[in-house]
Structures are given as C-alpha cells and as structure tokens.
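Which chain is which? They are A, B, C and D, in the order written, and residues in each are numbered from 1.
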Amino acid sequence: MVKRIGILTSGGDSPGMNAAIRAVTRVGLNSGLEVFGIYNGYKGMVEGYIEPLTRETVGDIVNRGGTILGSARLPEFKDIEVRKKAIAQLKKRGIEAVVVIGGDGSYRGALSLTEMGINCIGLPGTIDNDITCTDYTIGFQTALETVVECVDKLRDTSNSHHRCSIVEVMGNRCGDLALWSGIACGAEIVVTSDTGFDEQDVLDRLRDIDIIKKKKHAIVVISEKITDVDQFAKKVSLNTGFSGRATVLGHIQRGGSPCPFDRLLASQMGEKAVDLLMQGIGGQCISIRDNKIISYPIEEALSMPQESRKPLMNLFDRLV
Amino acid sequence: MVKRIGILTSGGDSPGMNAAIRAVTRVGLNSGLEVFGIYNGYKGMVEGYIEPLTRETVGDIVNRGGTILGSARLPEFKDIEVRKKAIAQLKKRGIEAVVVIGGDGSYRGALSLTEMGINCIGLPGTIDNDITCTDYTIGFQTALETVVECVDKLRDTSNSHHRCSIVEVMGNRCGDLALWSGIACGAEIVVTSDTGFDEQDVLDRLRDIDIIKKKKHAIVVISEKITDVDQFAKKVSLNTGFSGRATVLGHIQRGGSPCPFDRLLASQMGEKAVDLLMQGIGGQCISIRDNKIISYPIEEALSMPQESRKPLMNLFDRLV
Amino acid sequence: MVKRIGILTSGGDSPGMNAAIRAVTRVGLNSGLEVFGIYNGYKGMVEGYIEPLTRETVGDIVNRGGTILGSARLPEFKDIEVRKKAIAQLKKRGIEAVVVIGGDGSYRGALSLTEMGINCIGLPGTIDNDITCTDYTIGFQTALETVVECVDKLRDTSNSHHRCSIVEVMGNRCGDLALWSGIACGAEIVVTSDTGFDEQDVLDRLRDIDIIKKKKHAIVVISEKITDVDQFAKKVSLNTGFSGRATVLGHIQRGGSPCPFDRLLASQMGEKAVDLLMQGIGGQCISIRDNKIISYPIEEALSMPQESRKPLMNLFDRLV
Amino acid sequence: MVKRIGILTSGGDSPGMNAAIRAVTRVGLNSGLEVFGIYNGYKGMVEGYIEPLTRETVGDIVNRGGTILGSARLPEFKDIEVRKKAIAQLKKRGIEAVVVIGGDGSYRGALSLTEMGINCIGLPGTIDNDITCTDYTIGFQTALETVVECVDKLRDTSNSHHRCSIVEVMGNRCGDLALWSGIACGAEIVVTSDTGFDEQDVLDRLRDIDIIKKKKHAIVVISEKITDVDQFAKKVSLNTGFSGRATVLGHIQRGGSPCPFDRLLASQMGEKAVDLLMQGIGGQCISIRDNKIISYPIEEALSMPQESRKPLMNLFDRLV
C-alpha cells in the first residue's frame, strides 16, 4: 500500500486551498501515511522543492486565504522529459502518489503523471467555478462573497448619485460569478458569455430602468473579457439618464479567508482524495455533485459539458 | 387560477427571509399575481394585519437580515376556531393561497390551512438546519459564518493565553451548527445531541491535548441545552492545564446580512413556491435536496428521519 | 431664535453621512427645532425638493452607507441668481439655517448662503481626508478599512504567486488613504502626491525587495491620477522578478456601513452644528482638531495649509 | 547607547499588540538595535523564555489578532526577589531595556524594573480603554467594531420580534465600550459604572419606549459586572411589552484582525517607545493625547483622573 504522498497547488490560487492542504495532511497522517508538500506547483516538483508536512505545519491555516505551498504555472510540464525529471524527484523521496489542487490544466498534468506510474488525484481549486464535472469548485463561494460585499458597497453610493455601476467580475468561460452575484445583489442586468453582449440592448434597458421604472441607480454585473467596461461606462453616461462608473474587481476576488462552505468542501474533498490514493486509485478528480462527494476519471471529467444555467437566468429575469 | 397570494414569516427569524419575501413578491408580480404581506406571522393573519406588497416595498431588502414582515409565535393557531378567523381575513381580501416561511411548527399551520381550503407552501426558514427534508435551510450558512467568525476571534485570544474556549452555539435537536463550525474552525472537540456529552471523557481529551499534543489552546464547540457551559468552563480550569472560558453566542447567530448562498437559496425557493401555487398546488414544502430545488408533501416531510451525520463526524475526527 | 433648519449632503458621498443626518435631525428635534431634509444637495434646494424629517425618517440609518438625502453637483450654484432661487425656496418654508455636509466646494456654497442671510454650518463629509482644517473627515476611517480589507486579500494571493500588487486608491490632492493604508497593511512602497513618483526608483526598489530582501510578494499603494497603473504593472513584470498586477479600487471605497469611529465623529459633529445654529452662528465649519470638536470660520478653514505628513512617511520608511 | 532591547505583552491581549511588536522590532532593527521577544509576559522574563526577533519573525502579523509573544499574568512579579531573577535573565543576554505592552498592572512592573536599572517603556494594550492618560488604548477601536457588528446583528432579529436585547460588553472600571457602542448603534439605553444602574428606572424607560414611542425593538448596552443580565432580561419580559433577551459578548471582543486605526496607533506608539529607549529614557508610558503621540512618567500616568464622559453621555441622550 501507498506510504508516502505529496500535495501541490497549481494555477491561480483560490480561498480554501489551505483548508484542502490541511485536510490531505491531517487525514493522511492520521491514516499512517507520510505527507510531503511540493512547493510552487509542478515547478517545485521538477526542481525538488519538496518538504515533509506535519500536524503543526498545517495548524492555524484552515482560515487563511492563498496557499502556503505557493503556486506557479509551468507550461513546459506538457513535455514528457520535464515530467520524467519530476517523477525522478518524487521517486528519490519515495513519494508514490500526489494530490493536485488546481484547475483544468492542472488536471491534465495529474493525468499524465498517473499514466507514467504516479497515481494522482485532482481537486477543483479555482474561484471561477469553471470545472464542469463539479457543482462547486473550492473558492467559488468565497469569491462570490467578496463580489457581493463589493457590490453591496457600490449600491450604497450609486443610490446616492443616480449612478449606474458597471462591475466586471472574474470568470470568462464560466459566467457563474456574474450570474450568482447578480441574483444575490439584486443587480439590474447581468452579462456573461452565455447571455452574450448586445451593447445597444443593454443601453436601451438602462434607459427603461431610469425613465419607466424610475430607479435611483442601476447595477450591471459583467464577466471579464467581454467588453471594455471603462468605455462602456462612458456610453452609459452619454446615452442614458444615469452617470456610468466602471469597477474592475480584479485580484481581490482570489483572496480572503475562505467562507465555511469552502472550508467544509475543501476538507471533504481532501479526505476523499486520500482515501482513493490509499485504495491505489489514481487518474481521478473529486467533485461535489448533487451534494455528494464523488470522483470521476479525469479524462471523462475534462470532456463533460457544463450544466445549463438557463434556470438561474430565468430566475434572474423574474426577480428584476 | 390563483390571483392573489399572501406571504408571512413565522417562528424564529433567520437571515435570508427577506430575500425569500422579495423573490415571492417579484416572481408573483412578474407572473401577474397580486401579492400581500401578512405581518407578524399567523398572529397578523388572524388580526388582519395584511398589506399589499409592491416591487418597491421589497427593493433593497435582499441583503438585509431579519424579516420586514415581522414574526411572532401563536400557539393558539392549533385551535380550528382561530384558523377560521384567519381564513375569514384572507377571504375578505381575496387571498387564495399563502407562502409560509418558518420551521416545523409553521409547516403544521400551513398544512392545516391547506386542508381548510387555502393552499399553502412552506419554505424552510431557520438557522438550525433542523428541517429533515432539506439539505439546507434558509439562514443556516449565514449563521454558520457568524459562528465561524466569532470562533476565529476566540482562537486569536485563546492562543495568546493557553486557554480553552467553550463555545455554545444554537441548534439543540440538530447539531449541524456545532459540527460544521467545528470542522470549519479546526475545533478540537465538538459536542452535539448526536455525539452525547461525557464530561469526564471531554476533560480527559483536553488534558491529552495540553500534555501530549502540547497545543497552546483548545476550542470546544457545543450545542445549546446540553450542559451549563459556565460551570463546565470552571471544571476545565480545575481539571486540565487550560484556563477554561465559556462563550454563549446567543441571538447574534440569527442576525446579519445573508450570505450569497442563502440569498440564492431563498430566491430559488421563493420562485418554486409561487410556481406551485400557480399550478393550484398546496400542502407542500420546498427543499433543496441533492442540489435541486424540489417539494414534498408537508405530511411526508414532517416525518422524514434526519440523514446521518456520521460521515461528517468521522471527517471531524480525522482532521483533529 | 431659529425655529426651522434644513440639512443637505453635497459632492461625493461618504460613509457616515447618514449618521450625521440622524444626529442633526434628532438633536434638532430634541432641542425643539423643526428639521427639513433637502434632497440632492444644492440642486434640491433650488428646485424645492425639501421634506420634513422626523425621528422615524432617520431611524435605522446610523449604520447605512450612502446618504438618504441623495447628492448631486451643481456648478451653477456659484451664480448668485441661482442662489437667490434657493433662498426663496427656503424662505417659503420658513427655513432659516442649513447644515451642509460635503467637501471644500460645498463649504463655499455654505459661505455664500450665509453671506446672503441664511446661516450655514459645514460638516466635512468626504473619504479623501482632504479638508485641511480637520484631522479627520467623516468617512475617511471607513474608506481606509475598505482599502485595508482589499489589500489584505491581495496579499493572500500575491504571496502565493511571487506577485507585485499595485493598488490604486482614492485621494489625489491628499495622499492619506494611500499612506495610512500603506502603513496599516505593511505595504512595501507608497506613492502619493507628497512623495512624488519616480518610476525608475520604484522599479529599482522592487528589484531589491525581490533579490536582496527575498520577499515572496510586494505591495505598492498609489494615489489616483498619478500614473496609469495598468501600464506600470506591465513595466514591473518586464523589469523586476515580480509579476505585476494592477488593481483600481474605485467606488467601492465610498460605500459600506460606516465604522464606529465615523458614526461617533458624525454624531458629535452633527450635534455641534445644531448648537451653533441655535446660537445664531453661521459661516463656520466643524472640525475635529487635537481630538476636540471645534469650529472655524469657513473662510479661514479654506485657506489653512495641510499639516505635514512627514512624521507618518518617516514611520512608513522605518517599518519596511 | 542601548544595543539590545526586549519586548513583551502582558495582561489580557488586545488586537493591535502584534502591530506594536512588529513596529518595535522593525524600527529597532532599522535603528541598529538587536530586538528580543520575551514570551508569556513577565513569566517568560523570569524563566528566560527569550528569543531574538528578526524582520521575518514579525512579517505578516500586522493584521493578526492576539499576540505572537503570548501573555500571562504573574502576580508574584511584585516580589523583588522574583524581579531580580528576571533582571538576571535579561543581563545574561545583554538586554538593557524593555518595551512592555499591557495595562495598568503591567505598567507597575515596568516602573519597578526601571527603578532597578532596566529602562522600560509602557504601551497601552487593552480593549477596555481604561488607561486614563491616553485618549485611546491599542485595541479599543477594534473591540468597539466587534461590539457594533454584533449589536447590528441583534438589531436585525430584535426588530423582527418586538424584542429588547440586553447586551453585556467588557469594561467595568471604564464604560467606554458601552457608551461608544451605544451611540454608534443607536441603542436606546446605556448603563455603565458612570451612569449607575437603577433597575426600576430602566424598566420604566423601556415601557415608555414600547408604549409611547411605539418602537418595535429596544437595545440596552450594559458594562460587565453591573448586574446579572439574564435575570434582568427576565424582568424586562415580565414588566414591559418587550420580550427580553440577554447576550454576553465575552471574549470575542478581545479577538479579530485589528482595524486600521489600531494598526496605525500601535505602529506610532511602538516607534515612540524605541526612540525613547534609544535616548536612554525609561519609566515612561506612551499615550495618544489630543491626537499627538506623547509620553508621561508612569507614576504620573497611574494617578491621572479619567477625563469626564459627560459630553458623550449628553450626546447619547440627545440622539435617542
């Protein structure tokens, strides 16, 4: 049976990664394993930046944002020669299996390593909720809370000035942060890659909100990389009764103490990952699906279509 | 088809009730219904304290704690004569159906009214997560966040003083607030009605945590009505190396701006309730089960056993 | 003696304005005055958008961001004919004196009105802390908290990625938000209109922080309108070992529930304003100076030089 | 000139102590000193639990609650023989001067040490604001924010249930937490050691608030050790129209990330302490007075009377 496992975080960080590191470490140690931290993602694996983790190393981190293991991107990991070096580093330390916390790209690395003999399990760590096989990724709810807090603040001040706040949030391929926060904040309009962006239509609707609904303010939540929000804010000022102001929330969405939901999710997923590795299973990734912690083969997971967001979009429209 | 519906909040309030009121009102109005607010629960129904709700009445409340409709308990509502008065008040205003947000007791009232010809739909509004037919009640995640924030603060100060903090949280019949927050905060010990309370055993474990694990502090989370936590804190001081301090979180757990999870849940459940009423259905309650918004007959719901918390308790033990 | 007073908020809103409105109203009513809310600043004064305020109107607003009275800019108020219209509106309602909450520009309007026979008292409501006669403006501490919370979040994620976060905060003429938050967050570099911006020097210092101090991340806080932070972030990526990322905090700094410090400050200043008006005094503005609530003639106040920020800049340097 | 200084935290911890530790360490190191952390207050001094502090040791702590040095009470420190042992421990390491962060009791120890040849400077670290020579202690504003956040939550739920919340806050000798939070939250009644507690009078006023002012809820803030708040809540239920509920906030008031105000105050005070020690001065304590960082001889400081709170109490009465 497996004796030594490693853990790494890869790609953009997300709140709850530390809770997952803690869970993998504690559950591993309590199950008689030795657990190693691999620093700075696959980069540290290749360079051998690997240290043993103890109960104490992961003490008092469950409530901390970011990742104590650091993260880095390493596109060269696609190269088999690079991966061979990584595996040599693991073998030197007797590490037989690895938990990888990250996004799609990190899952691919985990799959390649598994195929080369190192069992890997993927955990969904990203604020974008853009991993289709899981209902929630670790960090999504916390990022959502950050967005909602910020929009609640913008509402205070928009309200006082007959203003239209245009808020750009993260998540391009997946509009969940925009759609969920739009519902949660009572935004007037949400624009995601699913809804598409018809500029003229949005301006028309804003005019209606001003003139017909007589609202004192309007909030538009929009996913990143859809339009230049500063330019769009100017058009709002020119073409509607509102004064338009753009806010790009940016990287603050990645930080912050994880909310309880993410701490629980990360802990449950970390536990499941260790259990799979102890059963000699690799090449799988952990999901929460229908409120249950399950796993899928990574290959299957990567090709799953996203569940439709239509019901939530309908809800949004019925709440306006 | 139904034309006029009412909505009331009943029992202890919970964060997210306002988001549910807003959703029922907006979805109702957007579906062509008239919507009436019934103030102070069943009491206001009997007394006829009922007012029309508009888009504006429910504007800017999605992020507010408490309930704009007020809440009150009315044990006499079990009496059929009292309910007849209530129904007369509804009929006078042409209100044919009602959404009831509250706990078990409120569901019973909703069922009785349905049997008397007023279709009612129940929504689970309580911070205790003690409604067995739903995975989450409206307000539970927000209350959990309040608990976790408070325990994170206690940890700061316990850490500095070699202290054992004993924290009493709400939820007697259902230990979820204690168990979830215990996992989320990295508590050392959790005591709920499920775990039972063996005082001597807890003291022994605290001694181990001090002497063997050499921890600088310990946190015990305990559900309300299990023991006198002030007395127990004194025993901790006398019988272990820690200085014991009790904190009873109390009613602050019921307040606060609802977290996005609760705002979404409340909105989705409110939408579902209106849709059922429009289909002429009553006597049902709304649940989130396996991440889907569904409904059960109230009678069936009230007799459902609680799902086992064993897996989470095991996880807690493996994380310590 | 004065019988009826008005109150308005003008210019950019700031957290705590509502607490000031409440204080002026309650203290006024409790002193036997009638109090009128003038909506949308001087614009509402000219248009006669003026309503009586009661105890209830200002209930439950002490903890709300924004201003219930709304705000707007009215450059035309410099025109004496416009001011005459405003005064006619006040006289029609018997309003003999007005409290004006806002910034420098609003003070000038207050002074002109006083000279025309309507006693006015100014209250410093702006997040920028750019009113030289007062140590603190209403809203500054709350805005500071918002900035600090955001930077604490950026630190989480910068730490995980060997990143340099460049954070643009409000306050161009006055660098207090940048300097204070830089100290409070342990930023590596602060750039304000006082420090000036020598791009090459900042890049050199960042290289030192990376190579010599071997820090895992760096935070640069910079006042608005000093440089294009997105461009600068690119230069950081090109010229230092850090990956540079810009964040423009924008209007979220104006919102949020006021912190207790601002609620107290606003309440004390509101009280003082009413007391002055009752003594028949106008043309003054309220300050907190050396921890005491005092007043200055507006003319004198507007020409006061800013106290030196040298001591705080030295402290910043000694803490790095 | 002094070469080596020590720093300790003593008595109850308060948010901002870590920011002070960081400031003393960084300013000391940047001035060419060596800085030592003395763990667990005077106890660690006697036992020789003393370690060097580096830039890194105090990195990333400015935003953390509690104290990384730990704290403990040691009544025996009044005994000169015990202090001699402490001094021997310091001399063994060449530590010539010490910064002591704590309350009145800690100041006395600092004065005794100074008289025995070790220059000590006191910093006011306590949430109670009960050190009469300073306008603010380190931690007071943060504790105030915790109280205000909790009361804002209680207001949500009190509002929904026609309830009177009785909130017990820390600070017996000094009622500032009660008085300030009472003003900041818009409480109906405040009870401190200054106001005294006339139970019958408070009940009468609550009846008025219910019957005459027709308020939906009432909040009473009361300092600790004045009455049994649970008993008093029962009397409120029996004797007024409100349902009374008591909440004892307890130790959560000591925790939490320090607010910017406290981080700044701690940093400025830490700087001043190091500067005094470098000038060969001891037996002084640091204060903020009239918005300036100054120092007093400890002896003089300990006998200073508290400034009158009458103006704030009057303000409270005028705001109700």
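One rule holds in what follows: contacts are C-beta pairs under 8 Å (C-beta built on N, C-alpha and C of every residue); 3 or more make two chains touch, one makes a residue touch a chain.
Chain-to-protein mapping (UniProt): A, B, C, D = ATP-dependent 6-phosphofructokinase.
None of the values given here were measured: they were computed from a predicted structure.
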Reference chain D; chain at largest CA-centroid distance: A
Distance between chain B and chain C based on Cα centroids, please, to the nearest Å. 39
Where chain B and chain D are represented by their mean Cα positions, the distance between them in whole Å: 35
Find the geometric centre of each of chain A and chain B from their Cα atoms only, then give the gap between the two centres in Å, rounded to an integer. 28
Hey, what residues on chain D touch two or more of the other chains? 152, 155, 159
If every chain is a node and each touching pair gets an edge, what shape is that graph: line, ring, star, complete or other? ring
Which two-chain combinations qualify as touching? A-B, A-C, B-D, C-D
Complex contact set, residues of chain D against chain C: 22-23, 26-27, 30-31, 59-60, 62-63, 135, 141, 144-145, 148, 152, 155, 159, 180-181, 183-186, 213, 257, 259-261, 263-264, 267-268, 271, 289-292, 315, 318-320
Would you pull the chain A residues touching chain C in the complex into a rising list? 9, 12-13, 15, 17, 64-67, 70-72, 146, 150, 152-162, 165, 216, 245-248, 250-252, 254-256
